[in-house]
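In the two complexes that follow, subunit A is the common piece, with subunit B as its partner first and subunit C second.
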Partner chain A sequence: MAGRNPLRDRPFAVLAVLILAWLLLPPAVQRFAGTAFSEFQAPAEEALSRVRDLGRYWSLRTLSRRELIETGRELSRLNALYRLQAGETEALRQYNARLRGLLDLPEPVGFRREVARVTGRELTNWWQSVTIRKGREDGIRPGHGVVFAGGVVGRVREVFAGTARVELVTSPGFRMAAHFEGDRRPVRYEGRPVGLLTDPEGQVRDVPSDFFASPEEPLELVSSRLGGVFPDGLPLGTVERLQTGPSGLFQTGPVLLDPGLLTLEEVAVLVPETRGGPGDAEP
Partner chain B sequence: MARKRTNPTSGPGEANASLDVASRRHRRLLPLYAITGILLAVLFGQLGREQFVNRPEYLEREKQQTLRRIILPAPRGTIYDRDGRLLAGNRATFSASVFLDELRPAFREEYIRQVRAVRERERATGEPAETSNRDLVWRARMAVIRRHLDTLEGLIGRELDMSLATLRGHFHQRILLPLPLVENLTEEEYATLIDQLPKDSPIVVATDSARYYPYGPLAAHTLGYVVNQPEEVPEDLSGDDLLTFSRYGKRGKAGVEREFEADLHGDSGEEVWRVDPQGFQFERVDFRQPVVGGDVYLSLDAEVQQAAERALDGYVGAAVALDPQTGEVLALASRPTYDLNELTPRIPSPVFARINEKGAWLNRAVQGLYPPGSTFKPVTAMAALREDQVEPEETLWCGTSYLVGNRRFPEHSSPGFGDIALERALAVSSNVYFYQTGLAAGAEAIADTARVLGLATPTGVELPFETDDMLVPDPAWKRENRGEGWWPGDTANLSIGQGFLRVTPLQMAVVAASLATGETGIRPTLLRREGEGWLDRATRLPLPLSEEDREAIVAGMRAAVAEGTARRAQLPDIEVAGKTGTAQVYPGGKARTLAWFIGFAPVQNPRIAFAVVTESQEDGVEFAGGAQAAPIARAMLEAFFAQEEGVPGAPEAPFSPLVHRLGAREAVVQ
Partner chain C sequence: MSGLRPFVVVLVANAVLLLLVREANFYLNPLGLTLFPAGLFVVFAAWHLPVGTGMAAVLLTGLLWGARLPVPLGLMPLFLGLAHGLLFHLRRRVRSRDPLTAAWAAAGANALLLLGWTVVLWPGEGLAAYTLRFLGDLLLSEALVFPAAYWFVSLQESVLHRWRPAPPVEEEG
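Take a look at the complex of A and B:
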């Protein structure tokens, strides 16, 4: 009968000893080690993202002159359109400010947008986050809202010197106040883990029973300013189905999110402005 | 070869002897073995008995010790008016609570910290601390709760507090239920907590429901209100010996909310939890979802009700409108009133005191007892006609007063009315005419007619606390209750609705409906009725009066509106029949005037009957049925007839299952 090879179990023993040693470490040391690991890991992630940027740069270099001219023209057309829309937005903003002045309403909290590049993603069933290339030095703090062109991205969870980790709206631990477009009553949005090769999805709860949603008449869920983290009206997703809960008073339903959430490249962190502080500062 | 060594001193006989000793000893041990065996058998037998025979009993005891039940209240059903307008529904309320079992690690940590602090203090001072371990436990628990309250205060900017007594009470009586830290969060506070509290925080942002009355004070006395109280344990639950905790549910305390409690309440749900030895929840082993309460469709018409209440504003009194054909109550208003939304989710003490001070809890339409004054004259006329003591066309001399015994009873108009018949007497509300006809008919006949019209008994409308102290006096009553004889003056007073007579506005509306339809036994109902099958015909009887005589009374009431005392109740295209009344009461020794108006419309095909009463509040102010009460009735009539074309946009109300059930019950009676 062959004897049990003691060497075969050694890795498990070592692992057990290491885990035990980690558990026995004082919490302060554990915290320090975790932060140090993140701080050391951040440059590596940043370097990796820069390498990816470089790769993209070289792939763009292969474009023909004709394609570049076409793209440049398209870009200038978009620029002109956005300038026009920015002008209209500014006019509306001033109109809104005048009305607020007339009605003696307080000015809502403003946000400075800190645009940052996404350097890494972590999409698991337990935790869904992205790492961005801006951090404490740029005025970013835990709890700040993060948005992109398609709407809400998530909330800053951890901040390091030059990077920050953003919890995505799809993360099971994410929760925010929202409301449906055209209605002011707040509802509760919660994240849901995203399966592989499936579109991102969340869940809306505490929806009053008088709402009705169907694939033909979906409801647009947008951010609520009441919570103080996001400005009002940023798109969150669409709701095509609502189901009445056990209380009969509220409904719940899935929220279909922007698929662009899974391929984020650039996001903007919403840094709340103090009253009388600087205006929007573009990076 | 080994040799066997033997003891030279011991022979075979000795060996046998030692064997004997052994066997003797063995024999001596036998009883011991037997006893041990018996004891073991008993032990194993008992063990087997406990394990197999008594197993169900132990399982039950284990269940009692480790299982706890939570009763979950069902959402309350909603109340609609006859056209499906929402009168009472549910609205969301938000609160922040903690489950105590999730705080146990924090309690433990805080307790250790407190113990260390005490020990350090003892070491520093050299004296033992006068703090018991129990005090430290509660201090630690309170400190943890305070930390969470501070967190909430920082987020919502509201000052929050909780007493140790509240925490102790929750631990001892409601440990499985969440401990509310802050209730009635505003939408902004709710959104702030959702946004800024971590999802894994022990503080839970919870939703609940509170009663919501979209029309505020509209029909407050009819709809009634609810109070929060621990949900009652349903009778049909299995395992009724389980320790049970009840969440706060709502229970109707007044009005329709109370009367239809069984229908509106719904079926409670339950959760059964396995708990640990400290009583904290461990795992949920059973769940039954609560079933929402049934909806109730009332006969009230929100438009007519609103018109009645607006017209009553500034008065103390009541207004009632009925469908005379079905008995459905279209409006039932009482003033002063209160805003139902102020009573939900809880009745604040200052609000209760304010309502109490105004005397607004009283539903004057069904609890207010008043002398009906001249609105009673049609009843006197009916009694005289029944007794053949007067003919409709017969004229009587009506001067400025009428002598009854040695007392002179005055006419309300100083020149008097001269020779007048019934129609004119009703139109101008002549007192002298009705003194004469009343005396001719006699008190017994008047009282009997009043009883036939339902004035001596409660109407039976589906409202709690309808008074049964109404009084239709007659000689027997006076003899029994006051020990006095009945005087002709009492009959004269009764003839014009004064004296001891006391009725409610709803009863007078029923009298008006009886005059409109020529039927008695009309039972007012607050439930919407549909189809002839639901009419409470079983109790209806024709008026004990010829049709000609009834028409004569109606002609008088028509004339009262067309050219008499009730001209302010005229409508452009609809003929109204009515009778005004003015009566005097002396509450607390102060003279107060009551202004009455009863009637129905249209005269030819009556669809609404009404009664209005208002009480004067100041001395020296002219107060009369035609001036104060008739315009209120006109407002109700205008609102009622304005809806002839239906209510645009109002949803079609489904047939109330509650009416189906009541109807089935009544069908059996028929």
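Take a look at the complex of A and C:
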């Protein structure tokens, strides 16, 4: 006579046995399982994002010829402006390099920009991240900085073969060094989760007491070269209010971030160049 | 209803639903809202399948979901496993197996899971904004999970019914 299964109709006992078995697995096996489960889903997510792109393409195809001509003209004007600005930037870069040579200053680390499409968003109450369609095969590594047209996006947190997860500047665990435009003293920036139907916000801490900010005279917070993740001077946000902290020595205040952070479609990962390499981003 | 068939049906249905929810969240997240569908993943497995088959399908769903989240990999399977256990015990008391009862069970389990998840992952500051966002997520999730559960449970029942094994052919002597 077969004995009765002791785990039959006992879901919590089954769960306890399975959790114990999971905990007894070597950490390498657990990590492998995590990566395998994640990689398994990557093609499906990529397919969904491509379907989204296709939908956008077909919606653009409905535009009339006249609208396309007007858009082309607008783009042509913008192109001319950007070419002019690129020329000025190149002249400034050469001037900067000459000054560095005269002062015998070391060359800062340059960055290669790896442009990537956003395939997924996780802007929850608990964390804020996006998934991009580039990964280890494109030279992206955990810790690399990520930017977009509006400034700093965040930092690469996890990298898989063809995708990567980027922790946004709004994520509660996000910290980075920053400074105010026109001032070299470093301050600390921290992320804050996006609230219900509100624009993204962060928080600035350790601001010296001689700073003053108001809606009429806001302060521009920009990235700092400290830490080596971002070049100097990338826009981070605007500070319109500062208040003295409990110590009385430093101030804190909310940072108004670019609302475009919530609807990102394309970003650029800053991959550090080795010294003397063909860096395209001179900070 | 034991064996590989129900396990595969539940797992595939959950995986497809997970992808659809991610797509919905892609558009909802910029508004400061998140759809949390955990209750949908456990209700059919807990109410219609034997404990081993149902738990295995639910835990694998948790691993699929948790692998893309910035939390320890075992956390989501643990939450789903606990909800599965709770609903499995509840099924002895509730005789009705119709999709409407399942929808109520899914909505209840979902609210409990969202509350538990929110408490465990509380960052330690900004309670007012955190609570407001939780309430928004809860309202949205419950409003969508209830009708979706009705459909989702019926779908899994229907697929299992169509995919049932053929009856054995009696040999004529």
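The criterion applied here is as follows: the second predicted complex is superposed on the first by the 254 of 283 C-alpha atoms of A that agree within 3 Å, B and C clash if a C-alpha of one lies under 4 Å from a C-alpha of the other, contacts with A are read in each partner's own complex, and residues count from 1 in each chain.
In this section, a residue touches a chain if its C-beta (ideal position, glycine included) is under 8 Å from a C-beta of that chain, and two chains touch if they have at least 3 such contacts.
Values in this document were obtained by computation on a predicted structure and should not be read as measured data.
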item	value
Touching partner for A:Q251 - first (subunit B), second (subunit C), both, neither	neither
Contacts of A:R185 with subunit B and subunit C, given as first, second, both or neither	first
Partner chain(s) touched by A:W22 [first = subunit B, second = subunit C, both, neither]	second
Partner touching more residues of subunit A, whether subunit B or subunit C	C
First, second, both or neither for A:F37, with subunit B first and subunit C second	second
Touched partner set for A:T170, first subunit B, second subunit C, both or neither	neither
Partner chain(s) touched by A:G227 [first = subunit B, second = subunit C, both, neither]	first
Those residues of subunit A which subunit B touches in one complex and subunit C touches in the other	173
Subunit A-touching residues of subunit C, taken from the complex the two chains share	19, 22-23, 25-26, 29-34, 46, 51-52, 54-55, 59, 63-64, 66-70, 73-74, 78, 81-82, 84-85, 88-89, 117-118, 121, 123, 126, 129-130, 132-134, 136-137
Complex interface listing, subunit B residues touching subunit A	75, 90, 92, 187-188, 190-192, 194-196, 198-200, 205, 207, 209, 269, 289-290, 292
Complex contacts: residues of subunit A adjacent to subunit B	143, 173-177, 184-186, 188, 190, 206, 208, 224, 226-230, 246-250
List of subunit A residues in touch with subunit C within their complex	7-12, 14-15, 18-19, 22-23, 30, 33-35, 37-38, 40-41, 44-45, 48, 52, 120-127, 129, 131, 157-158, 165, 167, 172-173, 192-198, 262-263
